[in-house]
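In structure tokens below, several structures.
The two complexes that follow have chain A in common; it is paired with chain B in the first and with chain C in the second.
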Partner chain A sequence: MLEIDNLSHVYGGGTPNAHHAIEGLNLSVAAGELLCIVGPSGCGKSTLLRSIAGLIQPTGGQVRVEGNLVRQTPDNLAVVFQDYSRSLFPWMSVADNVALPLRRKNMDKKQRREAAAEALESVGLAGAGRKYPFQLSGGMQQRVAIARALAYRPTLLLMDEPFGSVDAQTREDLEDLVLKVRGHHQMTIVLITHDIDESVYVGDRVVVLSKAPAHVVGDLKVDLPAPRDQISTREHPDFVHLRAEVGRLVRGHATV
Partner chain B sequence: MSTQTLPRPRPAASSRWYRRAAGALAFAALIELVSRTGLADREFLPPASEIVGRAVALLLDPAFRAHALTSLLAWAIGLCVAALLAVPLGLLLGSVPVIDAATRSVVEFLRPIPSVALIPLVALVIGTGLQHRITLVVYASLWPILYNTMYGLRGVDPLAKESLRAYGFGPLAVLLRVSLPSATPFITTGFRLAAGVALILTVSTEIVAGRGEGIGVFIFFAGIAVPARMTDILAGVFWVGLFGVAVNALLVAVERRAFRWHHARLGERS
Partner chain C sequence: MRGRGMRAAVFRTLVLVVLVLLWEAATRLAASAFFPPPSTIVTRMHAMWFSGPAGQGFLTDLAVANILPSLGRMALGFAGGALAGVVLGLAVGLSARAYDYLDGVLQFLRAIPPPALVTVFLVVFGFGLRMQLAFIMFSIVWPVLLNTADGARSVEPLHLDTCQAFRLSRAERLLRVVLPSALPKMFAGLRLALSLSLIVMVFSELLPGTTNGIGFQLTDAYATFDLPAMWAGIVLLGILGYLLNELFLIAERRVLGWHHAAQQLVD
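What follows is the complex of A and B.
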């Protein structure tokens, strides 16, 4: 599904201030997988996501999505950014925000509207379509951004610290929402986070990145009983063990 | 989860209509007093009641109405043509840095020239008809709209643009679907400033032309009459001023209503 081969990216290359964000990163994600990527703050996670989405051209290496080399944004790809208040369009109603990307698909106005309503319902916002983003709470706005991505029916969904700007309770609700929707739609999801617990709770697999320049320092399979639950999953011995393991890797004290 | 209740932005004290009306009334009372007590020569400053009375009477005068309509036409056409030119031009200059850099020296040369100084020159080239006024109104109104469009584009959130790009939209779609709507509050402010400038240019051009129709022409003839018809001059000025205030208030109201999302956002940041 997603193949990243020896990816490197340098900002301001050739200058004394050149910043090596990523160096020699290899990663492969299978179709239908929910992969969490964790790493220390400022380690180049967002650069990696932007390279996958074709929003920036990496200075070295290759990204392939469904076998195709990424030169511009791949079809059937959606991105949910951390900052919902900036990524939603404030001049549009919630329904119009969700329906806008569907103009890229071969859908008429009625189909777009129906798809938007359906997506809003699936994130628990049925009936909020006529509101404007500024009339919703932060958690609800991020649900709108997720609905916008779901309505697009992506085969690859990228999420860049999607729950970094909401309170703890809302965060848990949104984590469960992601687990719920992945069951409904056959999607490959790559979720970037700096929250170690979140990565283990949500992911099928957790990849740990090093400090910048980022490369993969750990790749762990998460084999926790389904369905996952905010209380029982988090007290499961495997969860406790995995989060400790990921924590060590993030801090650079790996025991394995 | 609850819907945030947004406090309605309270208008600043200075913008509440009754305070402003009280200010205008006090000013009128002052003129009345100064004129009636003979502090100022009545020939030069008739009492406010006479000016307003004359202004109302002028409304019933078909000749004055023709003057007013001509001015209104020049103002409206000029302003609309300016907007139709300035917004696309602003989008072009604001999004293609190469063109912006190439034209900057020309723009920086033209912009500081007071439009009023061009009135005689344009009259020589194209005469003193309606096209004279429209040309000058277009020229003067272009700048506020152009600059505000470019300014608005500079403020467009890169993440908003990236959000649409991430769904595979190209640069033109991003410009029209994200940058343009995002800059609309600024463009509208530019249009409001331009509406005021256009009014100044309409009347000045008419006064300098001194023939044909227009409120400026009416004021001009009242001024060269012997003795000068001061009440007529001031009644004309009264209508121009009232029109300017009304247009401005209307556009401010439009901005408040249409761009609630913009003001909600500014409130959030401050």
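What follows is the complex of A and C.
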């Protein structure tokens, strides 16, 4: 599904301030997998996501999605950004925000409206379509952003610290929402986070990145019983063990 | 909230009434021919423009012959200049290079006081309507253009990333993302342009070769030493400017409701 081969990216290459964000990163993600990428703050996680999404051209290496080299944003790829307040369009109603990307999908107006309503319903926002983003709480706005991605029916969904700007309760609700919707849609999800517990709770697999320049320092399979539950999963011995393991990997490379 | 709004409105009216009464008293005491009292001016305005037949909206023939052409010139000039400013502003704002290269030139052109160029326009267009319209359009295009370009440049980067991530077409990005993002600044420019268009409209009517309009009536009144008529024109222009601005604000509130609501939340 997703192949990353010897990826490197340098910001401001050739200048004294050149910043090596990623160096020699290899990663492959199978179809249907929910992969969490975790790493210390500022380690180049977002750069990795932007390279996968085709939002930047990496300075070295290759990214392939469904076998095709990524030069611009691949078809059937959707992104949920951390900063929902700046990724939703404030001049459009919630339904219009969700329906906008569907215009290129050969759907007429009625189909687009129905698809938007359905996606909003699946994230628990049925009936909020006529509101504007500023009338919703932060958590609800991020639900709209998730609905926008779901309505697009991506095969690969990228999420860049999607729950980084909401409170703890909302965060748990949104984590469960992601687990719920992945069951309903056939898609591969790559979720980037700096929260170790979250990566283990949500992921089928957790990849740990080093501090910049980022490369893979750990790749763990998460074998926790399904369905996951905020209370019982988090007290499961395997959960406790895994989060310690991931924590050591993140810490071990976070401090020199 | 509503009570406070009512009180503010009452106070506003009160201030206006007191000022007019003071002006009335002062001008009556001074009894100068140059400064007729407001009552005389209002009587003159009524007699000159607003005592017409009901079928004509109470406008006199004089009003139809002068106020309407002035408003027509202003509307055409404003529409043409605003349209050109928005289109050119988007074009300049969309290209970082175009903006870098042209910014200085545009600031220079904007800084020139329009009346200084009036002879150039007379040479190119001669006297008359064509010159007046071109003059109004040229005068107002710069604030609209610069503000629109500025607005188009200040699109939230994450909005552009979102456009790219969902592969929106160029047209969709322009019409549904860049244009709405530019609207708040664009409206600031348009509001400037509106008040400017009233000023240059009157100025263009003060020039020789004009046969009607509020500005023409002003020169005419001045030439015949008809000071109440001159003051009537001045007061009429003030009222027109005020009303046009209020209308503009109503339109802006409709178009930018989302912006103001979101802004209030941030504060």
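One rule holds in what follows: the second predicted complex is superposed on the first by the 252 of 256 C-alpha atoms of A that agree within 3 Å, B and C clash if a C-alpha of one lies under 4 Å from a C-alpha of the other, contacts with A are read in each partner's own complex, and residues count from 1 in each chain.
Assume contacts are C-beta pairs under 8 Å (C-beta built on N, C-alpha and C of every residue); 3 or more make two chains touch, one makes a residue touch a chain.
Please read these numbers as outputs of a predicted model, since none were measured by experiment.
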Do chain B and chain C fit side by side on chain A in the superposed arrangement, or is it a clash? clash
Figure out whether A:Pro101 sits in contact with chain B (first) or chain C (second), or with both, or with neither. both
Have a look at where A:Tyr152 lands relative to chain B and chain C in the superposition and call it first, second, both or neither. both
Classify the contacts of A:Leu55 with the two partner chains as first (chain B alone), second (chain C alone), both, or neither. both
Could you look at A:Gly139 and tell me whether it touches chain B, chain C, both or neither (first, second, both, neither)? first
For A:Arg86, select first, second, both or neither according to whether it touches chain B, chain C, the two together, or no partner. both
In the overlaid three-chain picture, which partner chain does A:Asp75 touch, first (chain B) or second (chain C), both, or neither? both
Examine A:Lys221 and indicate which partner it touches, taking first as chain B and second as chain C; both and neither are also allowed. neither
Let me check the overlay on chain A: which residues of chain A are in contact with chain B and also with chain C? 53, 55, 72-73, 75, 77-79, 81, 83, 86-87, 89-92, 100-101, 104, 132-135, 152
So, in the complex, the side of chain A touching chain B is made of residues 53, 55, 72-75, 77-79, 81, 83, 85-92, 100-101, 104, 131-137, 139-140, 152, 170
Per the contact definition, I'd like the list of chain B residues that touch chain A in the complex. 1-4, 6, 157, 159-160, 162-169, 177-178, 181-182, 184, 259-262, 264-265, 268
Can you tell me which positions in chain C touch chain A when the two form their complex? 156, 158-159, 161-162, 164-169, 172, 176-177, 180, 183, 258-259, 261-262, 265
In the complex formed with chain C, which residues of chain A make contact? 53-55, 72-73, 75, 77-79, 81, 83, 86-87, 89-92, 100-101, 103-104, 132-135, 148, 152
